[in-house]
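Listed after this line are the structures, all set down as structure tokens.
Heads up, the next two complexes both have subunit A, just with different partners, subunit B and then subunit C.
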Partner chain A sequence: MLSQYMINQLVNGLCQGFIYALIALGFAVIVGIVGLATFTHGEIIMIGAYASYYIFSACGNNLFLGLFASFCASWLVGILVYKLCYEQFLNVPEHISLICTIGFSMLLKNLAQIFFGTEKKPMLDIIDNRIYSLGPVEISKVQIVIMVTVLALSALMMMIFNWTKWGVALRSVSQNREAAALVGINVKQTIMVGNCIGCAMAGVAGMLIGIYYQAIYPTMGATLSMKAFAAATLGGLTSVPLSALGGGILGLIENLGISISSASFRDVFSFGFLIIILIFKPTGFVKRKGVRP
Partner chain B sequence: MIDRMKDIYAKHKIAAWLILLAILVTMPMYVSISNMRIVCRIMLYVILAGGLNIINGYCGQLCFGIAGFYCVGSYVQAVLMKTYHVSFWLALIPSGIAAALIGALVALPALRLKGIFLGMITIGFSELVRLIALNWTSVTGGAMGIKGIMAPKFFGIKLGGASKYYYIFLGVVLIYLFCTNRIIRSRVGRAWLSIREDELAAKSLGVDIKRYKILNFMYGSFWAGIAGAVYVAYSSYVDSTYFTLDEGFNVLGMLIIGGQGTLIGPIVGSVVAQVLTEALRVINIWRYVVYAGLIILMMWVRPQGLVGASGSMLAGNKAEKKKAAKGCVEKLERKEA
Partner chain C sequence: MLTVENLVVNYGYINALRGISFEVRQGEIITLIGANGAGKTTTLMSISNLIKKESGSITFKDQDITKTPSHKIVKMGMCHVPEGRKIFPELTVYENMIAGTFGNKALSKDRINGLLEEQFQLFPRLKERRNQAGGTLSGGEQQMLAISRGLMMDPDIMMLDEPSLGLAPIVVEEIFELILKIRGNGKTILLIEQNASMALSIADRGYVLENGLVTLAGSGQELLRNENVKKAYLGA
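After this line comes the complex of A and B, so read on.
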């Protein structure tokens, strides 16, 4: 029989897994579908969190306004990343744009430390912390909001990718850029918007993390982007649903791991998960069909 | 101008090296102690960036977790010296070898991975090592670190302080340059270069990719470990905050600015980074912003770095393309004539 503590940890892990899933989704869109290499994902999470923080402190408790702000801010940063790190390097070896994104992530992190301050900022209480009990399961209102937001956003994204003309264009670009250009797709613009969508997902995830942990700071992104990567490798960086599943699993593993050891080992579990996945199944659990690795 | 300098250098090669060596050896006599500290730091980062250069520059792998190897080397040295009272010189080799073994461990997944996958796994590993060092309190002292590591003795002379310890750094850098120079010109080095330029072609020509990649990681991480080991005795204190991801990116930035795939690249990078650090001390917090901006600028203008291996894969094949285009034009002109 599961104890109450374990059930709580499961719920916490699931909720955290949902946030990781959203980050991993964005990561899978950028790396897997658009076919760019990025190291700025964590910093974009941080930008999204700060954007929502300033909107919340300026305009009061309006969840949708904060969501909109973090979405827009990270979209704009996404455009900047594309212009600085990708546009010139679409036809040269990948490591150049990769190192460029590392430089950009250092830039963002240090600028954030200058402009936002290095100390942890407490996020405002956006959602009153009521706890609902369903039998033995206790779930707080924050957790419900997070789960609903993530589900809605990922459903929206799946709809865009599968049912709109633009989504088809994006997938064709990911398969073959030259051929896509030949049939009249604006390759550069498609890549840019794809990159921005991935970034915007990360920004919203940043806001959710801020709300969940009640603290934001400039270096919060470093390990998060790694966790997103760990989750996304489960789907071979190309499959969006499997990446989301990976995020869920990662959240569960972390919380179950720290419930049997101590909280300082949280990151050890996620990195161990990443390394094990990459050693034994580097292509993830998906069969590739003409998709960029 | 550059051609003339090259001519002069070719004529008086031995004299030039002797003068340089004399300047380096006598340096502590006329450089102030605070400047010697900067020189020591330059030397440290030459070894670190050099180790990374072997992996990233010569073999074309994307290793971003150099801080992990650095961490292993320093902790092994610190524990050997503090807990087991091994002398500095004896402990140097085991700490390098420990880092090399960890490097081999990282190379195993690296055999199957490329690009961002490899970069991420090295970062993950580096963070993992740091977290283990932070949490394994019984051996590493946890967050308190290991204090009071004694400066080494050399024939009875205690090599404490920057101006004396400088000679250890100098010795290690010279040994590093000598060994690496020999290895790069050997069969092994050529195998690494061939893997960097085209892995498939190298494989089809009979280069044992697996063996040489593992060797490459082991050799690169060996020097990172040695750098850590030397640094521990210099600072007499070690804790896990030295080995964050930022430190790894810092070293990577030096390598990128200086130049990948050449021996002199890490030296130039390290000097530029330290001089920048000192020059920008006035605008302290903006230092890293400038640094990061430089990395991006470098990728735009000269992806192989200031003195990097031009005409290689690292330069984004730009030089080759230019050469090829030039060749085509010349051929056409000849035909017309």
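After this line comes the complex of A and C, so read on.
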């Protein structure tokens, strides 16, 4: 029989996993469509969190406004990232833009410290902290909101990717840029949109993290971006659903791990798990399908 | 309809094209033949502006497209079916064909459905496999998918780069019959082929490329009878 504590930790882990899933999903979209890894993902998360923070303090605790603000802010930063780090470097070796994103992430982090201040900002009581219990399971309203938001956003994204013309264009570009240009797709613009979608997911995740932990600070993105990378690696870097699964599992592992040890071992568990997976199954969860050349 | 003048393309220090000129008129089948490395694919790639040109000019429908971005050239009604097919392997056959319509913003929904029907009549096998991933098709089917993806944008001119490459002889014949059918529907065709005899037999006019230069031009029949062409490309 699971103890009450373990059940609570499972719920917490699941919720954490949902947030990681959203971050990883954005990461996978970016890697898939831009074809290049990004290291600004953590800073985009931070930007999204701050955008919602300022909206909450200006306009009151309206969740939808906050979501909208973090979405738009991170979309705009996504355009900036694309223009600075990717556009000129699409046809040159990957490490150039990789290092470019590292530099840009440092810039963003430090600008944030200048303009937003270095201290933690509290993000209190955006959602009243009621707790519902379903039998032995206790779940707070915050957690429900987070899970619903993540599910809704990922469903929306899956629909856009699978059922719309835009989705077909985005996937075409991720599979073969030259052919995409030859069917009349504006490749550069499509890559930018793909990058922005990924960033927007991260931005919303930033808001959710702010609400969940009730505090935001300029360097909050650092470990989160590593977690996103880990989760996406579990999903084979470009598979969106598997990366989301990777994020979910990472969150669960972390919380189960700290429930049997101490909270300071949080990162040890998630990255340890990643290492173990990569030793025994280097492609992550992805099973490469046989594709004709 | 399409005029290429003094086109020069360099890959680093290598002169791929050393100033070629040719023209394609409305409703013609034109073929460029030549050995490996003669510059055939390079010619098409530079018409579509996928690679940098050193000098020269390209005119399409009386407009200079020398510096126009690839996707805009496509939208002017030029379809380029690249070498090696380059279909989208993880998109379904149907999605591949829908992707083909992006090049023509003027297509209405009805027209797209009509075009789909036409394609499925032309290629019954694609209809059977419409929900299969493009990458799972056989080579010949992929080539047909690539051509039908091109036709989905209802282009004015089609540039086909080695459509018979790596296909079984019987499939090659099917592809050539298909090219004639497409021309019958009022499209202009610029065909690049290593299979010179087949290409010349259906072409109105042909150009022979050697080391980045046009060394010979004439009607398809003339070239078929030309002694040099026979020796070099027809294996006679």
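Please note the rule applied: the second predicted complex is superposed on the first by the 280 of 293 C-alpha atoms of A that agree within 3 Å, B and C clash if a C-alpha of one lies under 4 Å from a C-alpha of the other, contacts with A are read in each partner's own complex, and residues count from 1 in each chain.
In this text, contacts are C-beta pairs under 8 Å (C-beta built on N, C-alpha and C of every residue); 3 or more make two chains touch, one makes a residue touch a chain.
What you are looking at is a predicted structure, and each value in this text was computed from that prediction instead of being measured.
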Practice prompt. Check the residue A:104 against both partner chains and state whether it touches subunit B (first), subunit C (second), both, or neither.
Written response: first
Discussion item. A:179 in the overlay: touching subunit B, subunit C, both, or neither? Say first, second, both or neither.
Written reply: second
Worksheet entry | subunit B versus subunit C as contact partner of A:241, first or second or both or neither | neither
Practice prompt. Kindly classify A:113 by the partners it touches after superposition: subunit B alone (first), subunit C alone (second), both, or neither?
Written response: first
Discussion item. Applying the document's definition of touching, compare subunit B and subunit C: which contacts more of subunit A?
Written reply: B
Practice prompt. Could you look at A:92 and tell me whether it touches subunit B, subunit C, both or neither (first, second, both, neither)?
Written response: first
Discussion item. Quick check on the complex: what are the subunit B residues that touch subunit A?
Written reply: 60, 62, 64, 108-109, 112-117, 119-121, 123-125, 127-128, 131-132, 134-135, 245-246, 249, 252-253, 256, 285-286, 288-289, 291-296, 299-300, 303, 313-314, 316-318
Fill in: In the complex, subunit A residues that touch subunit B
31, 37-39, 84-85, 88-89, 92-100, 102-104, 106-107, 110-111, 113-114, 222-223, 226, 229-230, 233, 264-265, 267-268, 271-272, 274-275, 278-279, 282, 293
Worksheet item: For subunit A, which residues are in contact with subunit C within the complex?
Response: 165, 168-169, 171-172, 175-176, 178-187, 291-292
Worksheet entry | subunit A-touching residues of subunit C, taken from the complex the two chains share | 48, 50, 69-71, 74-75, 79-82, 86-91, 95, 98-100, 102-104, 133, 135-139, 142, 149-150, 153
